[in-house]
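Below you'll find a set of structures to go through.
What follows is a pair of complexes built around chain A, which joins chain B in one and chain C in the other.
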Partner chain A sequence: MYKTFAAVFLGVSLAASGASAVTIGFSQVGDEGDWRPAFSKDMQEEAKKMGIDLKFADAQGKQEDQLKAVRAFIAQRVDAIVIAPVVVTGWDQVLKEAKRANIPVFLADRDVDVTDKSLYVTRISADFSLEGKLAGAWLAQASKGTCDVVELQGTVGSAPAIERKKGFEAVLSQFPGMKIVKTQSGDFTTEGGKKVMEAFIKATDNLKGICASFAHNDNMQLGAIQAMKEAGLKPGKDVLMVSVDYVPAMKAALAKGEANASVELRSAIGKYIYPVVTDYLKNPKELPKWIVIPSDLHVAAGN
Partner chain B sequence: MTERYLPLMATVTVFLALFVTGGVLYEHFFSTLVLGHILADNAFIIIAAIGTTFVILSGGIDLSIGSMIGFVGVVMARLDTLGWHPLASAAVLLAFGLLFGAAQGYIIDFCDIQPFIITLAGLFMLRGACFMVTLDSIPIRHPFVDAFADTSIPLPGDGFLASSAIVMLVVLAGAIAIAHFTRFGTNVYAIGGDRASAVLMGVPMRRTTVMIYALGGFYSALGGVIYALYTSSGYPLAGTGNELNAIAAVVLGGTLLTGGVGMVAGTLFGGMILGLIATLIIFHGSLNGAWIMIASGVLLFLFIVVQRSLVGSFNLRRSS
Partner chain C sequence: MTAPLPPSFSGRLRELTSHRATWPLLALAVILVVDGFVAPGFFTIRIVEGRLFGSLIDILYRAVPTALVALGMAVVIGTKGIDLSVGSIIAVVGATIAWRIQEGDPHFVILLTALGVGLLCGLWNGFLVAVLDIQPIIATLILMVSGRGIGLMINLIYGGTNPSFTSPLLQGLSVGSIGLVPTRLIVFAAVFVALWLLIRRTALGLFVEAVGGNAAAADLAGVRSRLIKYSAYLISGLCAGWAGVILTADTHTSDPVSVALYIELDAILAVVIGGGSLAGGRIYLGMTVLGALVIQTLTTSILMSGLPPEYNLLVKAVVVLFVLLLQSNNARNAVLALVRRRKR
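Entry: the complex of A and B
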């Protein structure tokens, strides 16, 4: 909350000072899912608040469109470029062109795979591994360090699935009484989560001895909740439910007590990104290559 | 004879009008930098569209372009990890594109099946093959890629002609020569104009059809090579939907979808118009990316209608 006020105050003071507006080009991946459109909308609204002239380009999931957008930003001589990359590869050349034009590049969300790390200033994003750790830490506390967990994994090989699992397991490894007894991929979807939980219920005789369900995202957890209710179980009471994202449907589930905790993946991250960019423009200095956006844990009332 | 040039003139006029509009609306737009970017960023699609021009001139269609671009990219990247020189893998893949296209052409003629279906099968097979090669994007780290990307010719002003644009312009010159100064080129126009008369005139149908699709396969493979060098990577989803962009570039370039009428040079401007629309919308800065597609669609629609009326007036003239 304090940070929001600070950002608003900064925005007001910038707008009031009437200094020549900073122009930032933002190349977004596209508008897939729920999270990304919310992220785009926040970037536009936050820019307006802060008096930033934002050039927004949506690449519709295509790298060639994203390269066009970045080159157009260079031609427009924007002050800085923010990229949420479609893929990790293929950025060397266009980033070199930006560097030649003296336009600093910042990454939001995903990383890029470039040989020369000095081609971008920094990456500003959430830490998936930290989200897994937060979920694990909450569970360790709630279960007092003794818990058999079933895990619903995200899409195999995807960065959030790999990193959330890694973070979660890092915490579990500290507690000899905690272990993952079953794990399977539900592909980040509600249907996938429901199917996997149905299989778990059958395989463990109605989740006998299972103390918690950890899902790599809320959608899968919501599917799991459905499957458990259909089997006559009480999610949130018989089994602790912890997941990541904090989507509106999960808020409702937390309020009903059908889920216990969810780690928020923020979409309102403009207030974290813009200050880094504007501060750098005022005072260009070496920054760490990764600036982590904090993740918050939300728990059900009564927990 | 001047009617032949009407669609091309219309295309060039639209291109210039859009470019001037951008210059009036936005600062820094009317520059050789923007022009150079448009040529470089759309080079791969224009190269592929040059091949499509021959296919469409003959009255056919090729839907396998986008998948070919993706396939060529992932194989080049995979071969790079095995230590191949990009030029060596490019040579192999260009030969593959030529043969794949030739096979499509042979089946189309031999089995007398619509090119739409055969090349749709090609689209699925090649995209599937992409996923067999890799599910992730693979960087191409060979020093040649950097050397290629860093090669450019400075233009007056602040712009430059990137290597991909240079390759595209050379390829375009070659294609113009093939279309207008060879026996094969004449045969393509003859088949597209009136198939039955072409047969009576003694145009070798099978050989010409095979050559047309082989050329189409070759150019889309070359587009794939340029895309892979341009992004210095292979990505199994690259090129998705690009067959439609290529067809749009050809049609905007003044070539009739029914065949027989059009010019290869028009495709250059057709492709650049598509790039220009994208650049205009990005320069505006607050329009959603969807507007690029909507604007392209509206322009494409207007072109078809104008062409239709042009062709209608020719036919009237002929019959009277």
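Entry: the complex of A and C
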């Protein structure tokens, strides 16, 4: 809460100084993990580069803080509001208030569930399902369409876990020779990925007949790589390793040939978000409800 | 005086059913038998990369951190206390290890520092509970809530997020092996024996149980209950410190947000399955280890079973309920009564 107030206060003082610049209020979820702080930092740096007056509010994972921040943005009459929602529900009221004040709202990253879709202009985010599809497509070509896969799922019920699995399975369904033979949740952590892979190694007699490991994020895959090495297997050679995120430690694993491919989840996405907002402010026209930020697949040198 | 009759069969049975190890062992056996059917080769043990390898070894291997934490928890619960901060202590220890390795300290010094951090956390908890007389659940909640944040702050000292490291000494203690045996099992055995000697071969165990049973009475009898409580939290902090060393060296990264998440709940559960009472006054170290084994066997079984992960927690809850019902005299008597009525 203190942080929100501080951010709002800072925002007021900034607004007083830069009168002509476009003013955007950005309500961020919090600063958990590696990805989100990098995303916040990029939004602030990119705003500076583009001459945007950014009011940044960190909700510390609480929707009530986020609602307060958005209402503060409305009271300050910002030109546009960008929200990275903590949760999908409970947005109708505050979005109506923004609409009444004629302030367009854009969503970044996660989705919201509102009855009236006109309450926000568009959502700009990566497509988790596309990430799963890219991983699946890479695996299909690397294995020539025949592959028994073990899967390390993210936290049960989380959007990236559900969507990445869906996208991956959508590609696999096109290849009769490809199937997931074991799947378990490693909770998106290195520790979890390692434990699950240890159990898979025992359950499949040292990964006999297993051609690939697909992990919903790199941390779990890094744990799986450790488990395989401790069991005397060669990850990246005995088994194809494909995952999502492209974190620095995964870059190193790719360079060493212990992993084969990773789909990048970009954190530098300010350059995709701001142009949509500023273009809309210049020329308000109907936009598609979802603008997808492209995903890149990175492969190891030898592949 | 008549000579004592030779114990009848039913008498022996009663003796057996009333022994506290019987029911947890039975539960463990049931889970293992189910595993034998669900996962072929569950009981196979081979030698891979110069050490023992197999699901049963995995269970022992993976149970070590929970069992270590549970041992400390058993002592704290013996004083009628509770230590919710153990997971956070592990996070702080992990961050400290990664940080000091980055700074280039000699690795045995880092091991001592890590255990020292565990003790320091125990000192803090003990101060709140024994000196300030704050209720244990709240006192340890403070470190539970703040510890992971402290871990993140330590990581930020040198700008690392999930920093990874290599340390032959620490990794040797965690994932290495001496001969065929994983080193962490030896570490655990050493901690267990040391704690057992401390609790059962000195008066400390008796004092802890006296303080847990009735602190005021113990005080009147000349036991310094504050000091006893203090030492219980120190022991718990040190045990969590060891668990932190093993877990951190296992993945050789520091991940304060998620390392050992909810381990305090598994540890408390292990103590309770082992016959400990949250009302204090008892310490069963060996039984607590058995409790930790039941929990880890269950966890490993779920991972091996091929069950969709959506059911993990549900299955765990049902089996834990089953184990606790087995241990409950009232539940067993009710079932027996029901069976007898049917027969009639």
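In this text, the second predicted complex is superposed on the first by the 284 of 303 C-alpha atoms of A that agree within 3 Å, B and C clash if a C-alpha of one lies under 4 Å from a C-alpha of the other, contacts with A are read in each partner's own complex, and residues count from 1 in each chain.
Rule of thumb we're sticking to: a residue touches a chain if its C-beta (ideal position, glycine included) is under 8 Å from a C-beta of that chain, and two chains touch if they have at least 3 such contacts.
Everything numeric in this text was worked out from a predicted model, so none of it was measured.
Colleague: Looking at the superposed three-chain arrangement on chain A, would you call chain B and chain C a clash or a fit?
Modeller: Chain B and chain C fit side by side in the superposed model.
Colleague: So, does A:279 touch the first partner chain B, the second partner chain C, both, or neither?
Modeller: Neither partner.
Colleague: Which partner chains sit in contact with A:87 here, chain B, chain C, both or neither? Use first/second/both/neither.
Modeller: Once the two structures are laid over each other on A, A:87 reaches chain B alone.
Colleague: Classify the contacts of A:57 with the two partner chains as first (chain B alone), second (chain C alone), both, or neither.
Modeller: first
Colleague: A:189 in the overlay: touching chain B, chain C, both, or neither? Say first, second, both or neither.
Modeller: After superposition on chain A, A:189 lies in contact with chain C alone.
Colleague: Touch test for A:67: chain B only (first), chain C only (second), both, or neither?
Modeller: first
Colleague: Examine A:230 and indicate which partner it touches, taking first as chain B and second as chain C; both and neither are also allowed.
Modeller: second
Colleague: Using the touch definition from the top, say if A:77 reaches chain B (first), chain C (second), both or neither.
Modeller: first
Colleague: Once superposed, minimum distance in angstrom between C-alpha atoms of chain B and those of chain C?
Modeller: Between chain B and chain C, the shortest C-alpha distance works out to 6 Å.
Colleague: Going by the contact definition given at the top, which residues of chain A touch chain B in one complex and chain C in the other?
Modeller: In chain A, residues 157 are touched by chain B and also by chain C.
Colleague: What part of chain C is in contact with chain A in the complex they form?
Modeller: Those residues of chain C that touch chain A are 39, 41-42, 48-49, 53-55, 58, 62, 161-162, 164, 175, 247, 250-253, 255, 257-261, 300, 303-304, 306, 308-310, 312.
Colleague: What residues on chain A touch chain C, complex-wise?
Modeller: Touching chain C: residues 32-34, 37, 153, 156-157, 182-185, 187-192, 194-196, 198-200, 202-203, 205-206, 219, 222-223, 226, 230-232, 247, 249 of chain A.
Colleague: What residues of chain B sit close enough to touch chain A in their complex?
Modeller: Its residues touching chain A are 26-29, 31, 33-34, 37, 40-41, 44-45, 135-139, 141, 146, 149, 227, 230-233, 235, 238, 240-241, 275, 278-279, 281-283, 285-286, 288-290, 292-293.
Colleague: Considering only the defined contacts, which chain A positions touch chain B in the complex?
Modeller: Residues 25, 30-31, 44, 53-60, 62-65, 67-69, 71-77, 87-90, 92-93, 113, 115, 157.
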